[in-house]
């Protein structure tokens, strides 16, 4: 059973007394702080904080909390995001034909390792993974994305996602580029996995690019999708060492392990409401 | 020039309102919080916090701060440690004959990468590294540690360390076991480096033990020395992968790189006053 | 389509000319060497080699090759293992109730990433993962292992495994200890995953042990199961860094990612016939 | 005392029987193979091999070996490099003002960890590290590199290097770009360290670029310097994880540890004659 907590993420120009003001507000209204993580970017003079508190004895009702927070944060010129730890997070997974990221997510889902997450549907631009979706009892929708019909298809997808109250999209090796309009519909709520340590090897066939350049490490990067291909805020990255003994096929095979882990870690931070985006960079309150 | 900050490390049984109380105290007395890192061990129900604040506008004078903190923390049953970021930290380095950890520390010291640190002396149970000390202009003291004279030698060392107002001892591959009495003199202020991923391969010749067992990783562990050999609170650990192609000599050679880095990281956290020891474990406020 | 190659793994006391003798034998009989990896353990004076050659133009027929190899290697006092790259490797997976290692293996199997492998059956001492097996169309056999019936149950398992011509057993978080008799039936062919960086934290609840000791890394170890619990030859190990912020539950959750990857890498080396066991250590010809 | 071994590195279009031919040559002339590492790049159909054998019973005298090798390898269209393990390797170190890579190399040198290496001189475009050189008793040469005099200065440097029979140059954070002419003088014998995981963040201020992009890992790359800035064959790379809590200064501080280790590993492989360059990529025979 999830805890009944409020989670507040804020960022603003730094000034004295911010922590005291925020914690006094919470404590003064009966909230018990469970986690507090605060950071000042001294280069840019920006204040960041994530605070999570129990609502058990909290005197401000949920439906009034948004307003109370706004009243507190607006005079401080704060960007503020409020979440409740017991609110479900509805995920849609987009796939093409590789199964590793999808199975990895579904195995976690089935094992109860994605607390609060509901996966109402999987969307594929191929039908290859329809059986995988079916095995886990999740609706699979096939959208044939040919170039001429892209805007039309995306509108249909958005309608379906809205209908299913989807909060977050996970591109689990979805080998299509989303339009600016689509990305704008889900700002900082589309998680993509790219199979290189960005910004190296942007775009197509990164493992081939890596092999050609003769690098000694290959990587994977999970980031929020934006209108600029592979340029969105990075959530998580990791690498493995490779040797001259390995072919491009080996990179692909071993890289898949990286991809699924990096993606799942990004999903984890996201659903924990531990990610705050500021100027195309992420703050991850681990 | 170091900032004029106060640093407070606390631990205590968890209860509601601790963050608010502490931050209200600081903010109420004109302190501006620069860093705050807080954590609750929910398994053990223990609260930990490190908070650092600027003394520039702070109204409580330094010499009165200890008392004020005690007045605040005692009723909360808090263990509290107070430091000032501009107070020098006097380090003594203990060595035997391997040079890698010593040179690593001295190169950082010379480059100004150990802020606040002063190294008044190096103690060796061999003379092999006396020239190294001399090159960096640091006094070298040789103590011949034979078993029969150990208590006597340690008393002389302690006298010398006191005379030099030494705060912290770094055992930079000092291949001697310190007595309980010696360790008790510098609680949580003797940093040792052991060349294994503890608790594996305690004691002598860990690389030989590792080779014999056929492990695929070897490691190094920096910990506070206590009366129990290799059992003190762990500060930092790291590992590297090894293969069957590597001999024990290769382990030794490559392990040295691990040892010096793990040790220097432990020293870094220690001098930043980011380490809090609680029940033989460390909390590192990174 | 797999290549039609022969793979020879050998070990013996070192002497001059071993590589030349072996390669001359292969080349002299029309074999083209595809891979050759050779190593001398200079501490122990033991020679190791793995050589793989194409059978396309090879003049010695398969059925006569074993004898020819014996004739070549016996006078050299060589331990020799001969495999054919196109021979199927029949795997049985043993499980209890955690799904992560099982799904990881099955996803690879379905994607064709375990070349040559056939998985005729899954054995569970619980029924929790029977649905998972069914989804992938693999026979699931439940054996209720209570202490009094253990020898009897193991005999039934061995009969079933033989009947299915099982070559290798993968213990995918199978939380039972196999008897000496069972292990002896599949020497160096039972792959187990233990959730610690062995030899640290042998036995039960290694994550709890790790948390208690306050280590900064946790690990996983894949090894061949032998009569001595967690003492068999190590095939693969890896670790992740942990912090004081993480509870035992976090260790368990993050550790699962390690476990499934370390296990699958061990399976990979094993099915590639790249693992040679010598005196409780493995040589991995990567 | 170094072993008296010959080391042969070869690359050529793949064909049947190469290993057998080469090993038969060595064994047939009384050589005992100590190490053999062979690899076929199946994508490009290129054969690579490194073989090291003892000269103790070898019947071809050293001075005739080059010719014998040429006779053997030319008909096979082989690129071949011959070294002797007991021949000294004369290194020159180029520095600017950061001390970490220099001290790291000199500490290894003093400890006897760079077998066969002689360091006759250090060249600096600043005088900051002259005292460091003096402490280790190594000649320091200052060359004031202003743009107008660059060709002239480089000619003087080359003359000095020749005079000292320098084989290999290590750029230990030498913050100058060498001309094409200079690079051409020491093909695959100038080792540079760049403070990013190339090909990301080529050129100036890579840590600033990394911080700006919001990456979660930073890296270092050792490569052979060529006329194209940061485009030469990569020898070694490694990375560390960073968090939003770290400033550019932290990247610089922690990156130095990466830089010195990655550089020293590259130097190690180079002096062991384990690096073969082929089409702007390296094969490292570990």
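A, B, C and D are the chain letters, set down in written order, and residue numbers restart from 1 in every chain.
Note that a contact is a pair of C-beta atoms (placed from the backbone, for glycine too) under 8 Å apart; a residue touches a chain by one contact, two chains touch by 3 or more.
These numbers come from a predicted model, not from an experiment.
J.: Hey, which one of A-C, A-D or C-D is the same interface as B-D, over half the contact pairs lining up?
T.: Comparing each option in A-C, A-D or C-D with B-D, the repeat is A-C.
J.: Let me spell it out: compute each chain's centre from its C-alpha atoms, then which one is farthest from chain B's centre?
T.: It is C whose centre lies farthest from that of chain B.
J.: Averaged over CA atoms, how far is the centre of chain B from the centre of chain C? Could you give it in whole Å?
T.: Centres of chain B and chain C (C-alpha means) sit 41 Å apart.
J.: As a quick test, compute the distance in whole Å between the mean CA positions of chain A and chain C.
T.: Roughly 36 Å separates the two chain centres.
J.: So which stretches of chain D touch two or more other chains?
T.: As it turns out, chain D has residues touching two or more other chains at 39, 243, 245, 286.
J.: Taking the complex as given, what residues does chain A use to touch chain C?
T.: Contact set of chain A toward chain C: 98-100, 103-104, 106-108, 110-111, 113, 135-136, 243, 245, 253, 256-257, 261, 264, 286.
J.: State the interface residues of chain D toward chain C in the complex, per the touch definition above.
T.: These residues of chain D touch chain C: 16-20, 23-24, 26-28, 32-40, 57.
J.: For chain D, which residues are in contact with chain A within the complex?
T.: 39, 41-43, 48, 197-201, 211, 213-217, 219, 233-239, 243-245, 247-248, 280-284, 286
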